[in-house]
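In what comes next, chain A is part of two complexes: it sits with chain B in the first one and with chain C in the second one.
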Partner chain A sequence: MSGANPVAAAAASSATAVPPRRPGVLKRLLREPIAALALAVVVLLVLAAVLAPVLAPTDPFDNDLASAMAVPGTPGLLLGADGQGRDMITRLLYGLRATLLIGAASVLLGGIVGGAAGFIAAYYKRVDGLLMRLMDVLLSFPAILFGLAIAAIFGPGIPAVILALSIATVPLMARIVRSAALVVMRQDYIEAARATGMGDGRLIFRHVAPNCLSPMFVFATLRFGQVILLGSALSFLGLGAQPPVAELGSMAAEGRGFLFFAPHVAVLPCVVIFIVVLAFNLLGDALRDALDPRLRV
Partner chain B sequence: MLRHVLQRLLTTVPVMLGVLLIGFLLMQVVPTDPAIVRAGPTATADVIAAIRTELGLDQPLYVQFGIYLWRLLQGDLGVSIINNVPVTQELGATIGPTLELMFASLFWAIPLGIGLGTVAAYFRGSVLDRAITALSVAGGSVPVFFLGLMLIWLVGFQWQLLPFTGRGGPLWTADGWKAIALPALTLGGVFVAPVARMTRTAVLEVLGAEHVRTARAKGLAERSVVLHHALRNALIPVITLIGLQIGFLLGGAVVTETVFSWPGVGRLAVGAILSADFPMAQGTIIVLSLGFIMVNLVVDVLYVALDPRMRGA
Partner chain C sequence: MPSIPVFASDPNEKGPSMSGFLKAGRRRTAALLGGTMLSLAGLLPAGQAAAQMAPKGTLVVLREIDADRYDPHRTTATAAGEALFMLTDTLVSMDWDQKTIRPGLAESWTVSEDGKLYTFKLKQGVKFCDGKPFTAKDVVYSINRWIDPATRSPVKWRAGPVKEVRAVDDLTVEYELKEPFSELLIQLAQYFAGIVDQATVEKLGDNFGVQGFNGVGPYCWASWTPRQDMVLTKNPAYNWGPPIYKNPSPQVDRIILRVIPEANTRLAAVQSGQGDVTQWIPYFALDGLKRIPTLKLVQQPNYFYDNFMGFKVDKPVMNDPVIREAINMAVNKAAINKAVWFNAGEVADSYINPNALDYSAEAASKMPPYDPEAARKLLDEAGWKPGDDGIRVKNGQRATFLLYGIQQTYNNGMMQAVQADLRRIGIEMRIQLWDATVAWGKLATQEFDAFVMSYPYASATDALALYFPGANRPTPNRMNWNDPETDRLIAAAKTALEPAVRAEAIGKLQALLTEANPWLPLIRQPLWVVSGPRVEGVRPHGIYGAALYKGLDIRLTR
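After this line comes the complex of A and B, so read on.
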């Protein structure tokens, strides 16, 4: 859990020397063909999502009932049309955009709150026990229960999904950050910084946090895949994105009604979800190997 | 051992109370007045006021929470505002099918996952290991509803082999097991990958242990080394990890029930939330949460019971 420690320790022991630089993470990552492929797919997916308004051939809500359920390959509709005659390419691009946004918002929000909790628990021994017991309680409930409860309280919608997935992410990030921070805080340079009279906040931000970044980053990447699966499942159930908004999970749910006449309407969004999750899982595994080979199994 | 169980039970109490408090507060923020709902649309203000007193709604919140707990202890979770059926009655009818689906899924997914994981670990680095590992990474990336929809389309619709909506009756009847086949394949299907991955890691760790080397050194048959010395010890962490994955299984069950119109608690909960049936939603969420806390407790106790090294720790 302490990927950067040897470097940090070396840097601290010889303050005047230039800290030894490790070969770039990106370079090591690209040496593995699968990792390079996963990274390329992730970059392409993110680009497609960001550029959806530019790339999409039509407006996501433009429907032409004459071409409803058009099969892929129909002239002008490369991937066909959905039950309401909306271009599947457009819907998939916007759906991907919404799905990735839900995932990113959840990991970011849960990661920041969980990370803060982890640093506080590691740094302030007095609240450590209480805070981590609270995290254990959160951890003991599956994400689906948060999803159901929050949708019941605030009503179904994208904010409910983001809130539920963020809460489910908080205890996981807190644990990872706490254990990484505890290792970092045993280093001499932390003692040295403290001796110079540095305040708690600055010490955490300037010296502890930067050295915990690699496990945080690995976790965030792997968590992203899981959050996409959970978020699209909640939307599939009708608890997340609401029609006519294009979101991959709710698109699959809509397509379920046409499964026997036009399977592509349900199958295509599912395939895109699969590719997104697989790419992030592979990238996360590769990042873990590249950043901290000791975690390899 | 007993002390450990009691300790765990004690730490569970505040969590359970927390769940009940959240469930209680859920009813406070919803925009409907239970007194008006129960009184019906034609009731006069006097009648509503009388029901309000009867339900204790004119009391302070903490008293209401007490009344709520008391009613809960008597098995009263309220009445559905959609069809007036008691929540406990609906729950009683749906818990069985959900458990049935979960057990049917684990019944094939756990042995297969453990088998695949053991083979992958034993032939570490081989083509077989890589294939199994690749399969479990891919399997862990498939949305449950994708697998379900594909099975419905292929096996149910194209091949017309198995039914794909609802429950067909008790499992010992032909209709019963035919109806559960596709839902159990779906839910179990997403469970094989994590079990295989956990088993592989656990077996790899044990295969490198000294007692396995000793077993080999004294000339035991390879089969005996793997099955009796390696796998048996690896199973302890695997069983615990499977227990901890029950939450994942529950999430999958909710989706699977919806896809196959399986009459379980998950489908009931989702339907209640979507139709704004607050008492029903509250009841299902409370029961699912409490059930979940109990499962965690059992897994924790089992872990200590299975692994003598954990005793006294």
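After this line comes the complex of A and C, so read on.
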């Protein structure tokens, strides 16, 4: 785990407001062996999740109670079977799929809403105070509490988890975007664009937003790891994926009662969560380094 | 089972702690289980383990969950019974067979010809924990408090249609009913009919059973820390225990009822001597525990605690008897027992446990046998044809339904297995399990089509008269079962004067239900009690789920 505070990390790079898509970012990223490895792992994980229906050796929902909790290495079951006798490989692939979906959807949804709030707060001074205090209020609720409340109202399920994690992401993204946008707004080219009579919307989209993308991107990557962890925790508590849908957190919860008896049922999904979160965190760190001009040699 | 987040990220979103998961052993076979456990226990230095053992004279009972309160008239929790049966006594007691009524606080009783007047002769010399003598007035007060609408007891119907309860003299109670109630004595043996002290109730008010208690049981209330420990001390005067025990007096000085929600931790605690006895054993561990020579495992075969699925018979799809019958034929209960219950349970192939009072073997023989092929054929013939996605359709209605239940390991495992079995015959079951804190509220709604539940019962009439009367809709009759014949048979069984008449009426009802399939009986829970090396005399009873019942005959050797 990188241990880096994502807000500080993103803010650090926001202060310098490096323009995005400058040539050489990927190259700089790949120069770091750990970053290259993290990127490779992320690509592999995403591919595995997307191709789960093709890669999975069995139907994810069809059980075979006769081989319940078969140990890894059982003929035909390389990683063993879960409590329903379903192939762990299949369950892990589909679990990864659901977990990554939760992560991507929450970061995207929370990022867009939070980003919009951040731009509005930075651009329109009149709503700044109100909007940011609202974000402070949101920030004071733990994501788990949101999850509990939303699951109680709408019923547990993946949509409830995505909603809860999106809401929890909004204030974080809003703060980062606002601070980045405030720096950009002071630049001369913004003055110049305004002088040409450009409208507010166009100014934000054409000039402010693109110059804030790199901190947003770094934060989103780091946030992805956290959201996956939170999503798994919510599923572990029974608020997320409902059976028979596989999700890494709920798979861990299902195996938890049998740690002494069949450790692989709980340990394997945890190992996958660990790898996913580690890979995304390392990637986020490396991305920040690659995008930070102060670290450029 | 309450879930404890082992790796739940904290609200401030710091890194994860997965050590709980990674510490797990690697071996699986049951034979090795004992070894794994012992080695785990062996991780504790011997001196420390000994230091954690309770002092001589103190029995540590491990439990899974705590109750909301310990007021016999204001709770129905199974967990409350674990303490309440020890904290106070009832007029009559229940034998190990769960059928025969034995004396309790009443040494004898008579029933009038018309079945409406019960006269109880009370034992002499019975004293409350605070030393106050127990008299007939205390019985009158306790029963009246139980059935008083202001007490809001969820189970006051168990007291029967009471006309009046009178104290004729200090040792005679007359219990008069408006109409006969054939199972009154069975109900009076439950903890809901427990005797409480009026002065203590009035002193503590709403906090009776929370801050204190005063009863006539073998053990007295010392302290309660919710979700942690309940401490009971011996009632020194107690010598009026039920005759089913060899010694009518308690033989341990103190009992600590300790809550350890996590199954694996509880298991390790029994093995390391931190706990002496528990009925809450994870089923996968039973075989392993039997191989450990220092531990004793005893089973109670007469234990009636069943898991079943119920169907809302007035909802689309569920209102088709063919669907309900096909579901009953499609589910492989033996495989579920093996995979989910580690073969510790018993397949429920009837509505009522064969060992329970008034079980009807004839009704049980009508139970649809496991035969998925026949289930498919049945559905085909009824016009339920498989659609594009494999799920059957009839008249534009997809064969899909929503199931609610409590989020818990066994529910989760059983329902996923049922879900897969039903998918094979073309019926889709959507599972929604709720956290226990909201589940009961959700289970009182009409949002769902089916539900999964487990419940303790005393007899066939007790079980069916709770769930099936039309008047008990929407809870506990969550099936919305509303059938005049059912109501008539329940009334006949409840008011029967002769046991044979009751058995016939409730037997007919069992047959009626078995043919109509408002339920899918699943697995009967077993009752095992494990006790450690210094404990002797543990015999599981299991009345309303309470394994240790009065806590008598239990001795500590060191």
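Note that the second predicted complex is superposed on the first by the 269 of 297 C-alpha atoms of A that agree within 3 Å, B and C clash if a C-alpha of one lies under 4 Å from a C-alpha of the other, contacts with A are read in each partner's own complex, and residues count from 1 in each chain.
Keep in mind that, in the parts below, a residue touches a chain if its C-beta (ideal position, glycine included) is under 8 Å from a C-beta of that chain, and two chains touch if they have at least 3 such contacts.
In this text the structure is predicted, and so the values were computed from the model without any measurement.
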Please determine, from the superposition on chain A, whether chain B and chain C clash or fit.
clash
Comparison of chain B and chain C by chain A residues contacted
C
Would you check which partner chain A:D285 touches, where first means chain B only, second means chain C only, and both and neither mean what they say?
first
Just to be sure I read the superposition right, which of the two partners does A:Q84 touch: chain B = first, chain C = second, or both, or neither?
second
Between chain B (first) and chain C (second), which does A:F236 come into contact with in this model arrangement: first, second, both, or neither?
both
Could you look at A:Y124 and tell me whether it touches chain B, chain C, both or neither (first, second, both, neither)?
neither
Between chain B and chain C, whom does A:A143 touch in the aligned arrangement: first, second, both, or neither?
both
Regarding the shared-chain residue A:G257, is it in contact with chain B (first), chain C (second), both, or neither?
second
In the superposed arrangement, which partner chain does A:I153 touch: chain B (first), chain C (second), both, or neither?
first
Contact residues of chain A, present in both the chain B and the chain C interface:
142-145, 151-152, 156, 229-230, 232-233, 236-239, 252-253, 256, 259-260, 263, 266-267, 270, 273-274, 277
Partner chain A, residues of chain B touching it in the complex
15, 18, 22, 26, 29-30, 137-138, 140-146, 149-150, 152-153, 157, 200-201, 204, 246-248, 250-251, 254-255, 258-259, 269-270, 272-274, 278, 281-282, 284-285, 288-289, 292-293, 296
Quick check: in the complex, which residue numbers of chain C touch chain A?
1, 3, 5-13, 15-16, 18, 21-22, 24-26, 28, 30, 33, 36-37, 40, 263-264, 267, 282, 284-285, 332, 335-336, 338-340, 407, 409, 412-413, 415-417, 419-420, 423, 430-435, 438
The chain A residues in contact with chain B across the complex are 137, 140-145, 148-149, 151-153, 156, 225, 229-230, 232-233, 236-239, 249, 252-253, 256, 259-260, 263, 266-267, 270-271, 273-274, 277-278, 281-282, 285, 297
Considering only the defined contacts, which chain A positions touch chain C in the complex?
1, 3, 61-63, 65-66, 68-69, 71, 83-85, 142-145, 151-152, 155-157, 226, 229-230, 232-233, 236-239, 242-244, 252-254, 256-264, 266-267, 270, 273-274, 277
